[in-house]
Amino acid sequence: MDAIADRPKTYKYGFVTDVETEKFPKGLSEEVVRAISARKNEPDFLLEFRLNAFRWWKEQEPPRWAHVEFPPIDFQDIHYYAAPKSMEDAPQSLDDVDPELLRTFDRLGIPLHEREQLADVAVDAVFDSVSVGTTHQDILAEMGVIFCSFSEAAQKHPELIKKYLGTVVPPRDNFYAALNSAVFSDGSFVFVPKGVQCPIDLSTYFRINASKTGQFERTLIVCEEGASVSYVEGCTAPVRDENQLHAAIVELVALDDASIKYSTVQNWYGGDEQGRGGIYNFVVKRGRCEGARSKISWTQVEAGSAITWKYPSVILKGDDSVGEFYSVALTNNRMQADTGTKMVHIGKNTSSTIISKGISCDQSKNSYRGLVKVTPGASGARNYSQCDSMLVGDGCEANTFPYLEIHNQGAVIEHEATTSRISDEQLFYLQSRGLDSEAAISLLVNGFCKEVFRTLPLEFSVEAVKLLEMKLEDSVG
Amino acid sequence: MKRLRAIPPARHYGEQLDALLAQNSAGETSALQKQRQTAYDRFMAQGIPTRRVEAWKYTDVTRLAEEVFRPVDPAGITPQTLADLPYCHDGDERLVFVEGILQPDLTQRPDTSPLKLSSLSSASESAPQEVPDNPFVALNGALWRDGSMLDIPANQKLDHRVHVLFLHAAHSDPSVIHPRLHVRLGAHAEARVVVTYAALGDGPCLNNAVLDVDLAEGAQLSLVQAQVLNEQSTHLGFTRITQGRDSHVASMDFHAGSALARHDLTVALDGEGASATLNGLYAVRDRQHVDCHTGIEHRQPNCSSRQLYKGILNDRATAAFDGLVRVHPGASGSDGEQVNRNLLLSNDCQANAKPRLEIANDDVRCTHGATVGQLNDQELFYLESRGIDPAAARDMLSRGFAEEVLYRMDDKALHADLHAILDSFFEASNERD
Amino acid sequence: MLKIRDLKARVVDGPEILKGIDLDVKAGEIHALMGPNGSGKSTLSRVLAGHPDYEVTGGTVEFEVDREPQNLLAMEAHERACAGVFLAFQYPVEVAGVSNTVFLRAAFNAICKAQGAAPIDAFDFRELLAEKLELIGMDASYLERPVNLDFSGGEKKRNEILQMAVLAPRLAILDETDSGLDVDSLRIVSEGVKKLSTPDNATLMITHYQRMLQHITPDIVHVLMDGRIVKTGDHTLAEAVETRGYDWVREAA
């Protein structure tokens, strides 16, 4: 519990949980990959999948193109598997889960116990490398919706995993995708069968607890024809002086007329005022609008991590498919974020919308990087992008790096960007009308981000607003 | 497996340098010869960039590693040749470089001109520049044959236009020019400078130009660069503008003609209150390719920059625009605006845009916008509903698209010149429709 | 209502601008504060509103809230607003992304809360706004636009008076509200200010010229020079300044 003593006041999730942890020794080798697979008792095709990814990864160098700076990562100084020891004899139900773990999730505001569960949200809680429990299983099962940990899915639904895993983000997509594909630990699996509208929001809550541990989750969501689902993830980690690597993959597949809405509130620990500690959040998130008239919508509120490097993307393959990206990224202290999206238009009459709001405070760096690509066959493609930056204080950076690659005449592509700031003069003006500084900041932030907040499920929208206000208050005034 | 970021240039570049050094026709000082060698070493060290290098993502120049272009001697250009060129106007002060060498007999200078002209061979300011990710500036520094320094003294206002023409005469062997020009305006000086890169024949040529511009306090410059090379040519341009306090540059960057054009235009707003207006227009068809990069550095408070670059693409042409507005930490009160618009006239053309903002100061007003699209159906219909046939309506709207940039030029004669060049572009486009 | 005694203030770490101001404003009064450029008029208005760029180096300011004198200088800017001090800015600030309606309702409810009143719901607030809009001749489209963003000079000033109408302050300080206004806007703004004046509130108009005073007759006129009030009189003083200039005041003082 050493880290709690001097933890910054703005990070309220910075506690460490005292649970006994089983870790693999540090370092990555073919043996470690095999051991992870064996520990999870995986089918052979998954072991092969991992080994192929690992062999390719060994030959690669980490990419350096993002507008972020950090010392090289020693990939041999990381534990690639950590699990609470009490999970050794896998719990049969939530009642078997270590009470200490349940208390952890309670403190995070994610009650897993039946009697306290959130009424309209099913939660899968992932602690370090493993899923510790999933709520609302019964209601979902009735409708044929599968929502479980990835490990469980590998045992119970290997045919679905085999069919879809790696089809959106191939193991050789990039360095971190390969790393994840080799060592991924756990995550969530969602399958919504044909015609089913999932009646409740599904949610995964990720928590990194163990030190010197990388977290490599893998999430796969498949919506069959006409199905729809809204999925929310939240993330926190304890305050530690070291940097921890989080390299996850999320794959979404939407068949004809399917719709997937994926929302993230990311609040990993971002390091202290001097830039010590914090999570390196290098994540590959990609959705594939496979079918006609399908829709994938990403909403992210990125308020944590020392370094964020992620581009939730949509491949618009089906005709008339729709991709959306709504993002608020706040950086403070010395955080660095290089985030945005890719919209790849392949089918006919596809459309995409990008709304990105970056807020930079203190000494932080906040960059939007996005690609809109219209391939030659994608006639009738439409994109609208709006990327706004807000600077708070004069030591921060706000950058915008959009890429537009248009290979079809019929495309209509528009990109706009602006920069603005919260100035002392603005705050005084609002205060002179009776608002205290908290209310004034909240008004400005809500005004700046409203197009994004509007797209979040209600309870997360409230959480997101509170989170940003809390972080901004230290930076403004 | 790692893909290469640069390819080593072939031997012929070194041979050309050796020949230049041995011949030393201009009687260069050893210091200058040493500069050439330094520049050449830098070029070799940098190599020819591949598309793995971010700055060359949209333009492939790797064939320049092997392809041989040789300098040729100037011949066959008479005053009459110039008189027939539409963009040569009476009353201009005119410097003519043929095959990269200044031709005194073609040069036309009013007796009263306050402009001071000197050769860069004798000037100490010609030290080669080091530009990351652009080896061609170093190549120019190694192999340029002649160049001029244009000085407009403080408080002088030039009433006439200064036209600098770099001409490739007609010949069939692949030829090369490394144009080199340095324009300096003293405090509160005012001038209009037009630089034209042209080819008379249709033989392949490489035009690798470096232009330096310095503006002292309060100076005002209108700068037009028109690239009207032939369809076999490759144009590589590098323009660096440095501005002092309260100075103003209005730049027009025009590209039509070459098979491949790449122009890097950088502006350093180094004095408080300096302002720059950069307009650009590129028109490409067949398999032409153009790649315009602009980089504006707001280094001091209260500077402003305005950019409007527009592109018209037809057939299988490709174009890229990469614009960066960077506001440095101390540059409060910066005002930057950047717009790139592309009109696609065929289904096979490709437009790429990368409008970038890097802001490290909170007291700024910066915006950028980029669009790519075809002609507006509503507008076409409106014109057609008034009795204009579809082809004419398209033509009218396409020209209107270009006119939004061209009308910003104060100089009506130049405006007409560029219009005439565009006319041939649209005529060629219409023939195929 | 407002009692200023020997008020001295400066820009933080700068030279002293206010060098001992004495001023009494009673409920029901309209005061005009005139003075040449640089005399400290705007500084006084901003000091009274609690602008963080200024620091008070001496003196006291008492402001009466429900007949209880309060130390205005001890309050934060927003507390002053909640207590009923309103400053119409000379240069109203642009606030991108926040609509006028959202902004006004937030301010209105903050003041309601401070004064122990119940907050108003969006529907009732809209009705209240409609009534106030009419007062200053603005149409409803202003309400959905971001606060002051891309407003013309005249629109910004009218927007200040709209806020004043909605927030109903005890003491309204108008800082050069007449500058940058065309004739029609000036008339509308002046009419609005007149209508908002009641026996229970007070208005302090700060102005360089007499323009606005032709529409609103002040009860008391002060001339501020070099950080001090050098002359106080009735509305004829304003006319005398207009015809004879500030030098006359300087000599007379």
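Lettered A, B and C in written order, each chain numbered from 1.
Basically, contacts are C-beta pairs under 8 Å (C-beta built on N, C-alpha and C of every residue); 3 or more make two chains touch, one makes a residue touch a chain.
A quick note: this is a predicted structure, and the numbers were derived from the prediction, not measured.
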**Asked** Which one of the chains is closest to the middle, using the mean of its C-alpha atoms?
**Response** A
**Request:** Any chance you could check whether A-C or A-B wins on number of contacting C-beta pairs?
**Result:** A-B
**Message:** If you average the CA coordinates per chain, which chain's centre is most distant from that of chain A?
**Reply:** C
**Prompt:** With chain centres defined as C-alpha means, what is the inter-centre distance between chain B and chain C in Å?
**Reply:** 55
**Message:** Can you compute the centre-to-centre distance for chain A and chain C, using the mean CA position of each chain? Integer Å is fine.
**Reply:** 49
**Request:** Starting from the mean Cα coordinates of chain A and chain B, work out the distance between those two points in Å.
**Result:** 44
**Fill in**
Residue numbers in chain B touching two or more further chains are none
**Asked** Which residues belonging to chain A are in contact with no fewer than two other chains?
**Response** 418, 423
**Complete:** In the complex, chain A touches chain C at residues 418, 420, 423-426, 428-437, 439-440, 443-444, 446-448, 450
**Message:** Looking at the complex, which residues from chain C come into contact with chain A?
**Reply:** 49-53, 76-78, 80-82, 86-87, 89, 92-93, 95-99, 102-103, 106-107, 110-111, 114, 146, 163, 167
**Message:** Touching residues of chain A toward chain B in the complex: what are they?
**Reply:** 59, 61, 65, 376, 379, 389, 391-419, 421, 423
**Request:** Would you tell me which residues of chain B are touching chain A in their complex?
**Result:** 1-2, 54, 329, 332, 342, 344-374
